[in-house]
Every structure is written in structure tokens, then in C-alpha cells.
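Naming follows writing order (A, B and C), and every chain is counted from residue 1.
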Amino acid sequence: MRARAHIVAESDGRGGTRLAVLHGESPLLLRRTGRRGDGRPIVHLVGGAAGPLRGDDLRLDIEVGPGAWLEMLSVAASLALPGRPAPASRLTVTATVAAGATLRWLPEPLIAAAGCDHVAITRVAVEAGGSLLWRDDLVCGRHGEEPGDVRADALISYAGTTLYRHELTVGPRAPGWDGAAVLGGGQAVGTLVAAGSDLPAPGIAGPNAAVMPLAGPGILATAVGSDIREVCRALDPLCRSPLIPVPG
Amino acid sequence: MHPDLHEHGPDETPHTHPEPGVDPHAPLHTGARALRVGIGGPVGSGKTALVAALCRALGAELRLAVVTNDIYTTEDADFLLRNGVLPAERIRAVETGCCPHTAIRDDISANLDAVEDLEAALGPLDLVLVESGGDNLTATFSKGLIDQQIFVVDVAGGDKVPRKGGPGVTTADLLVINKTDLAPLVGADLSVMERDAAARRGDLPTVFLSLAEDKAATPVASWIRGLVASRV
Amino acid sequence: MSLATLLLLADGRLPSGGHAHSGGLEAQVAAGRVKEISGLDGFLRGKLATGGLVSAAFAAAACADVTRFSELDLGLDARTPSPGLRRASRAQGRALLRAGRAMWTLPAAVGREPHQPVALGALAAAAGLSPVEVAVAAAHGSITGPASAAVRLLGLDPYAVHALLARLAPECDRVAAVAAERSGDPVDELPAAGAPLLDIGAEHHATWEVRLFAS
């Protein structure tokens, strides 16, 4: 299955944000939620089919224009499944965040079911003066299950310079992924990249978590847990800032 | 005629002259940087207490800094800080990965970095004391790291230590036999130690010290003063 | 190509500060995740597939093109979220340059305190080694450092540890071959495999009052 979804958020000129484009295709269906009229749109990804399955090629493009504000959530975890023999399933998410704009990407976790073969590609470009909160959680297998293969490949740039470049590969084809260097037997891992202003303070966020100042203007918070609840305990408190742009 | 130019007499070997105003010599290696003195010795012999005493004795007259090589990272540096003998910016602690003797002898890079960082941060120094982590009788400093080394043993370790020798006792530029005040309590014979040290060390000096009684470590401080003075 | 020169560069006795670093192992030993050989096996395989691959690719890229030092250095910054690991990498890069300057004539553009793989690539280029050779040295170094730390921290049988390293040698060669093959890629496309517990462990380790290794 191939599908593309596209969102364009723009300043409405009155301090709020309007969605100039909100286009989805199954299984990438989009629903605007949140209170109407406060100018801060929340868009939920609504899974329109099982998957991603092998062979799927899905793409979501997000554009947040100057001064606009957008939050992206999902109604449920996505479940990468084996499906028929086919190339790896692929979900590519791209986002651009303009000056004075904010994007909060806080979806539910991706679950790597046994036998899946999935690639998640993230490419985010934040212009100078933009703000980003980008969360990705991964659960390795359903309860009591060994995971399939997942590779998460992320590149986040700020003001034209690569701020964060990271790949995480889990599953039977990834040497040492459950060893003590990578996940150490933890079933869940979460990352949160914050870029721009209003960054969470660096430090220790739990026994298996840390908030790290990146070399550029941003932080990475990472948590590993025996289940997703441990990851959420460490990362959820860091996602509270609404990152509302200060008019200036 | 340029004042620096002159005629060569017939009995003179022909020679050339450097560009006027330019020093033709490479900077003197020993004078261009601080004197580096290594302080080694077995665990508990009083190395850190000696460093503290030297800081108190010499801190006012010499531009001084200390690098510690501790098994537990900053333990010795913390001791110096707690005792207020030197401000924090004059002390660097080097981590040694369970191998203090490697850090002072086989792979001295972290210590050289620490010395360079101190000189970069503080400006020119007269003296850098490099304290080794407590190790055994074979631990000595690399000549690539230090100019002179002091080996500290204590009488409580037994009066046989000088006789046993080992590179520290035998080759250190100064052997310090510390805690002489304990000699009667542990039945150590200082004259035996003195005789054995002389036999092992030839002309190299040995001093006896009791930091409990001589808080300024007078004989060691004097030895270092002499070294610094001879470099100028 | 000079095999003897490659051995010099890969020798653990090269005075380049490596002995003071555990490659992240000390933190995982303290967390109880590595206790014996099987735990070390998992740690080293993960380390080789992540940091080992990245180091090998960047060292090979630096060796292949000495005009890329600065962009490669920034690329490693973006791949090293832990400030503790960035410090450790630069300290080892600086120490490596100190050793390298005594052995060969290094390109000046490498700077004073580059990330370790960039420094390694600069030394290899100066020594006339090829990208795949320095990639082998980098991959090998990414596991022999922590393996030696494991012997010191856990008192593991050194023969068992070397038997493990021998089993990993073909994987080391494979990682180096992949790294060298990709070494001409644009920086953003070079390997970026990360290891969350190495990042988290490094940050915890940096807060300890008592530690044996610098990283």
C-alpha cells in the first residue's frame, strides 16, 4: 500500500493558526481535534488499516509556516506487522518548522511485532527561531514476544545545521541490539528531541534516562525501560511545555 | 655600516651571523615551561600529605599547580581542596582506568594534557607537582612527563623497604622516608634504612621526614627550591 | 600499504590515552548489565554495530579526504548526543594527535581537539594507510578498549575475553568493509547507528563521585 498525507499549518494573521492543507489517505488518516477557535490546532493520526505491513510505503509531510503552531498526536500505537513477503514497510515523516513556528510531535509508540520489517525515516528541518518537540517511542515486540526488525533513522537540523543524526536498529538482524550497550534487555525506548527555545534542563531523568544538551541548540532526552510505562515516566514530564511562541 | 656587522679577522674561522634582532637559539626546553616534579610511592606512604605540605610551603613564593592521578578520580584532589592548600583552578585530577602506573609511565597523554591545560588557564608556572596514584615499588614516572621525581616510602612499611630496592627507591631523584615519628612504634631502625638507601642509591639524596612534626616538609621544599633556582 | 604501520596504529600500547576509557563499559557494569563473558559479548556486539561502525566510517572518511575534517567533526557532534561522550571522544582525539605528531607529519587542518575518529583518520592519512585499513583499526579499537576494561573491572578470565575478541574479528572486518565502502558519502548519509544505553550510561557515569575510568 502506498499513501501520502500532507499538512500545512499557517499563521492566520490574528495570532492563531489555520490548517491550509489537511490531506490524508488510508492508512494515514488525519483528524483535526482540540478546541476550535483557540488557534492552536491539534491533529490526530488515525490508523485507517492494520499496519504498517511489509511492502507499505507511507509518507507524511508536515509544514509549519512562520508564526504557526501545530501539535500532532495519534489515537493509538502503530503496530508494524509481517504481512506477505515483500520489501520492508517504510514510513517517511518530513517536517519543516519556520521561524517563530512550533511543532509538537507526540505520537503513541510504534510496536515492532514479531516478524515485522519496518523502516521509519524522520527528516525535520527547523529554521532559526523555530521550536520543536519531537518524540518517538518504540516497543520491541508485543507482550512476551521477540520483536521483528525495525530501523529508525532520524535527522533533525536547526538553522541549516544538522543538530541530531541518529539510527536505532532492533530485531534479529541487528547485532547486539539487546546487549548492554544498546537496550540491555529493555523492551521499550523513547527519545525526545527539543530544539530552539524553552528546552528541558539537562540532567538525570531516571535510573535509565538522561536529558542531554546536544552540541547545537537543543537537547535529547532518552529513556530505556522494561516496558513503555517506564519510558513515559521519564519523558512525559518533559513534553509539557506548549512552546507557545512569544510575540516579539 | 650596520652596527651588527663587522669584519672577520684573518685568524677567525669563517662564520655567518643570524638576522639581527632574532634569537638564533631554540628556546631552552627546561626554562620555557614549569619544572615538573613527580611524586610517587606506595599506597599510604604520605604522597598527598607531602603535596599538601609543599603547597603550603611553596605556594606563596612559586607559581604552582598540581596534577593528581588517583585510583578514585578526584579523591586526592578533593583532599587538597578540603585542606585549602591551593585554589581549585590550580588542581587537576586525571582518571587512570585502574592503572595509575600506566598514566604516569606508559601512556602519559592525559597527564600532559592536564599540565598543558593548567598552563593555558593560569599562564606561566614555576612548578607543577604530578602526584601518582598509590602503587607499588616499581612505579616510576616517564621522563617525557616529569623532570625530577620524588619517591615516598614510610617507616611503617618496614625498614626493609630501602634494601628491597625497586626502580622507585633506586632511581628516584629524591627518596623521602616519611613518618619517622612512627619508627619507635613499629620497631623500624632508621640507621638501617639510611645505610640501605645509600647502598642502593649511590650519590642520589635521601631525606627523612615526619610530616606530623615538620608540617612544611622543610628538606623536600628546600630540594625543590634548589631545582627551581638552578633553572633560572 | 604497510601492515606493520597498521599494527602500530591499532596497538593498545599506543600512548593515546585509551587505557583510561572503558568505552562505556564501567557504567553498564555498575548498572549490573555486564557481569560475565556473555554480558560482555552482548555489549561488544552492540558497541561494534553502533559506535564501532560510526567511528570506522568517519575515520575512513577522514583518511580518504583530509579536506573533510571539519564537516566530519560536526557530523560526529550530531551523532554524539551525550556531552560526556563528546568530551571523552575529543580528549582521546587530542591524545591520539599527540602520539601521531611524534610518529608522522600530520595535516594541520585537523585542529587541536577533534573527535577521536577524525584524529585517527588524520594519523592514518599521514602514515599512508588506506581508508579500509583505518576502518579496521577503528572497529577493532571500539571493542578492544572495553574488553580490556572488562578484565580490569570484573576480573574476567583474560583468555576467555580474548576468545570472545577472536570470535568478533570477522564481524570487525565486515563492519570495517561497510564503513570504508560508505566513507565517500555526504556526512548526513554516513552511518549514524546510536546506542541509547551508552548515551544514558555516560551521563550517569559523569555524575559519579567515584569512578575508575574517564568514560
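As a working rule, a residue touches a chain if its C-beta (ideal position, glycine included) is under 8 Å from a C-beta of that chain, and two chains touch if they have at least 3 such contacts.
Everything quoted here is computed from the prediction, not taken from an experiment.
If the chains shown are joined wherever they touch, the resulting network is a simple chain of contacts running from one end to the other without closing. Farthest chain from chain B, judged by C-alpha centroids: A. Located most centrally within the structure is C, per distance between chain CA means and the overall CA mean.
One finds 33 Å separating the Cα centroids of chain B and chain C. Distance from the chain A centre to the chain B centre is 56 Å, each centre being the mean of its Cα atoms. Taking each chain's centre as the average of its CA atoms, chain A and chain C sit 30 Å apart. For chain B in complex with chain C, the touching residues are 71-75, 94-99, 102-103, 106-110, 112-113.
On chain C, the positions that touch chain A within their shared complex are 24, 28, 31, 33-34, 39, 41-51, 74-75, 77-83, 86, 171, 187-188, 191-200, 203-204, 207. Those residues of chain C that touch chain B in the complex are listed here as 13-22, 91, 94-95, 98-99, 149, 152-153, 209-214. Across the complex, chain C is touched by residues 153, 155, 161-169, 174-186, 189, 191, 202, 204, 208-210, 212-216, 220, 222-224 of chain A.
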